[in-house]
Amino acid sequence: MSFLLTLAFKNLSRHKKRTIFTTIGISVGIALLIWMDGMLRWADNESKRNLIRYEFGNFVLSKVNFKLDRDNFPLDKLMDFSAVKQIINKAEKEDLFCSPRTGFKVVLNNKRGFGLFYLVFAVDPVRYAKTLYVAKDIVKGKWLSEESMGIVISKNAAKDLDVKIGDTITIETKTKYGSFQSVSVTVEGIFDADDPSVNRNQAFVSYKFSDTFFQTESSASEIVFRSVNEKDEPFLSKMKDFINSIEVKDLVFSTWQELGADFIVLSKTKRAGTKIMIFFLFIITAIGIINTMLMAVFERIPELAMMRALGMKDNFIIFLFLLEATGIGFLGSTLGLFMGFFLNLWGVTKGLDFTGMVKDMDFGYRTGTVFYSEWNPDTMLLAFFFGIFCSVIVSILPAKKAVDITITDALHYQ
Amino acid sequence: MSLSAQTAEEIIYKMEQNESFSSIYYEGVMSIHRGKNRPVSVKTFKVFSSGKDRTFIEFTNPADRGTKYLKIKDELWIKGPYAEEATKISGHLLRENMAGSDFSYEDALENEKLLELYEPYIEKEEIVNERNCYRIVLKSKIKNISYPKRIVWVDKEKFFPVKVELYALSGVLLKEMNVVETLDISGYTLPVKIRMENKQRIDNWTFFEMKSVKINIPLDSKLFSKQQLER
Amino acid sequence: MKKKFIILTAWKNIFRNKRRSLLSISAIAVAVSLVCFMKSYVDGLMENMAKNIFLFQTGHVKISHKDYEKEKKLMPLDLNISGFESDYTEIVNTVSKMSGVYEVLPRIHFASFIDRKDKLKNVLVLALDLQHEKSLNLKKKIIEGRIFEEWTPEKSNRPEIIICKTLAAELGVKCGDKVTMLTRSAEEGLAHMTFYVSGIVSTEVINIDKYYIFMPLITAQYFLKMENAVLEILVLCKTKNIANKIAFMINNFMNLNKDNPYIAESWTVQNDGQYYKILTMGTKIYSLVYLVFLLLASLVIVNTTMMTVFERTKEIGTISAMGMRGKDIILLFFLEAVFLSVIASFIGTFIGGAFSFFFSRAGIDFATLSGGGMDFQISERIFTTFNSSLLVFSFLFGIIVSALCSFFPAKYAAKIEPVIAIRGRM
């Protein structure tokens, strides 16, 4: 056995150039595969992460009636402050970040006669900053403080309304009790979130502001929860148990999967589709391998005949080829892995910057404008073994053919 | 102590009595102004009202002919001339303005007594639109109320609202209504020419006129039904 | 004379070692056919996306009221096109006569609610004039029932609409059903009307089928109280490259009227040039993907040709020992490679071309392939492009890459000392 190994190794080093070229072929294919998969995986996971980090946390608590009519953010179906306080206290003991929020459908306008529709969330500024990421994405001004009486809007809104930090805009809406309200508010902060749907139409004020002007009395449409490790369980079960134990009734939890359902469906189908693209990549890589192995086999037929004439068994010869194929595959896969690793590293740290190219770009993914990659050790491993596997499989048939010829014919083979 | 010294409540009560008929019919005209650059649109309609919680409106101007509205308590239904069923207007659409005027559907749906909603007090007496008026400030005494504050100038002699200002919770003036002409009919003094202005938008106002007014006429209650609407 | 000899020898050499030649040819052919097919796929994809954007959103040029775009989110129906002296048809007629203009499409694009048992559901409506719409052949896209008929109050028929299949399924609406819609009219009152569904349609564009209803322009004008006015006029030009020029011409024409409130914008500038950026970026991304394929394919070819040269070093040694010198050896190997690659490229182009042709007629089910649901208007079915430039490109690609790839090893081979070469393998 070790004899065959040594022989295989020697053969590979004899045909250095062939080995090198095949290796390069395999490695490029594998590297690209790893890189593309890394990027798509990132886009998909990032979108899911953003659903959690920007929109819904891991799950959201609200009244049952509220959830049924969530699109309208009805103000007569809120949870009152005492209930909210109770729930938040419990949640924070369980390693959950959480914050209440109350949504108002408003018109924001800068000049009289021209207003645009937005969803303003009254939030607990300190808690919201810990629970959802939008507070981290402030690009101008600052995020709300508990005492804030200003508003934080998105970069898109600032552009549409033509305002900057310190400018005043008017909020037109109805309060929790149905009273018309028209309030001037100063723009305190401008954010540029990584989630385009938040950028599109969300704005934020503190509960102090909404208690003063919207009569919220710190009651909440929803409580948003995000766990420390961003997993749903066991936190969701714990909270469900807690809710069942307290007197507040008619409450229901909604997970981010539920609320972000339309994206989830999308992502499943997208993954399937992109797999097909990757498949094509494989094909081309495989061709390179096939090609090389075939050539390798056929040109060595006389040499093999010699060995067979000297007594080497056919099976040994086939095995020898397979070893060489494994060797090439291994080299190619290793090099590919190496290259893929660096491509991924670049993708993870620097990424592809699409900022400035499109404003409200919507690929269907909830990501920012810089496209990163993600580490995908499973794909890397898979690709690695595929490279080797492919090489071996592809060599079996030619190897067999090589020993089918009678020795005498083979010796004359040219 | 003059005989005419009255409490704010009494004044408001009298003003509302002036508007409480068991039924009313009139032909209305609205001229809607939407800023300098847009043309004025004119709507005409027939109104049948029974008490304050049942109203049937049918538009008669060429563009809207056949469009009908039915208000029953706090539900509002619409049926277009070429629609085969009525649709209930709910949610955010209620905040929309009726026929593009400065009267919103919600305004039209209002049917509670002011005294049940507001605490009135007389601020002073002044002359507005050439009438001697009590200036009465109405502060909301309940929470669920569209306009938390109103100021009503009530005519001292005939107890009709000469001018009304509607305020948002923050105190911002939202709408201003001025009565330009009244009609004395069957013991009531009815404002029949009203100008309603949206103070949040520039150059937006609606001129509302009531013609051929008939008060306390018998009205078939079948008129105020969804079936009637869908005929 | 010598040259002729070399050429002949090169040709003969190909047939000497059939197996080796066959291997080279097949490798190159497969690579070329893949390159050919990928290009037609990518081109088809981009073309499709552009086509849908032009047809449903931007046209090559869009004429609208100057202030409409600004307030678009509020759908201000009164900022419409009502012509200068009479109505919008003035503009349609003049623009139709401009050279380079292919189709002029007056349309009203608006949002509406459908009354679904006391719940109001949002839908989008595109009202158009079938007589003008040649590219958007709605009639052909009907999958159930028939296309709508125009309705005016004077007529005795009923107002009709057609609904896209996905929306219809979601609403539970079938052919023949009636549907009541509520929306804001041009005068900002509410418009309310019942329509009969004369047919179900499938535009095969995923995002259109999910949200859209189509109705005759005239019916919409009555519904929205916008008689003789439209919200937009899309102009399709003979090619998209003259869009800017046509927009310029249209603006000149319209500006002849004092206080002209309308503006014509080419697709490249609409929405801050967003569509232009999307298409260019889409093209860039796919070109990148395509480049990757090219690279890999090239590598295969490089691989093959290099190995061929290298394993014939013995042969080269022999030839040079016999007197053939550097330049001639290079030429010999180069020519062999060229001949091989011509044959291979031909085969590859043929195969790739055949696939491209097939899919250009049958189409590829893109919905499954891409996972659908991008905000871009991509059809469910993509047709690959098929034209002579595609074939020429693939053919040349194969030859050029192979030729290049054999040049350097050939040069290298020519430098080998005869003695070393004959002795054995490299």
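Order of writing sets the labels: A, B and C. Residues in every chain begin at 1.
Everything below uses one rule, namely that a contact is a pair of C-beta atoms (placed from the backbone, for glycine too) under 8 Å apart; a residue touches a chain by one contact, two chains touch by 3 or more.
No experiment lies behind these values; they were computed from the predicted model shown.
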{"item": "Maximum centroid distance from chain C, chain identifier (CA atoms)", "value": "B"}
{"item": "A-B against A-C, pair bridged by the larger set of C-beta contacts", "value": "A-C"}
{"item": "Averaged-CA centre spacing for the pair chain B and chain A, given as whole angstrom", "value": "56"}
{"item": "Between chain C and chain A, distance of the C-alpha-averaged centres to the nearest whole Å", "value": "28"}
{"item": "Interface hub residues of chain B, defined as touching at least two other chains", "value": "91"}
{"item": "Complex interface listing, chain B residues touching chain C", "value": "32, 34, 38, 41, 43, 63-64, 67, 78-80, 82-85, 87-91, 93, 96-100"}
{"item": "Residue numbers on chain C that touch chain B, as the complex places them", "value": "78, 113, 115, 118, 120, 153, 159, 178, 180, 182, 184-185, 187-194, 222-223, 225"}
{"item": "Chain A-touching residues of chain B, taken from the complex the two chains share", "value": "35, 91-92, 95, 140, 143-148, 166, 168-170, 172, 174, 200-202, 204"}
{"item": "In the complex, chain C residues that touch chain A", "value": "17, 19-20, 23, 26-27, 30-31, 34, 38, 70-71, 73-74, 272, 274, 277-278, 281, 289, 292-293, 295-297, 299-300, 302-304, 306-308, 310-311, 368-375, 425-426"}
{"item": "Contact set on chain A toward chain B in their complex", "value": "72, 105, 112-113, 170, 172, 174-175, 177-183, 213, 215"}
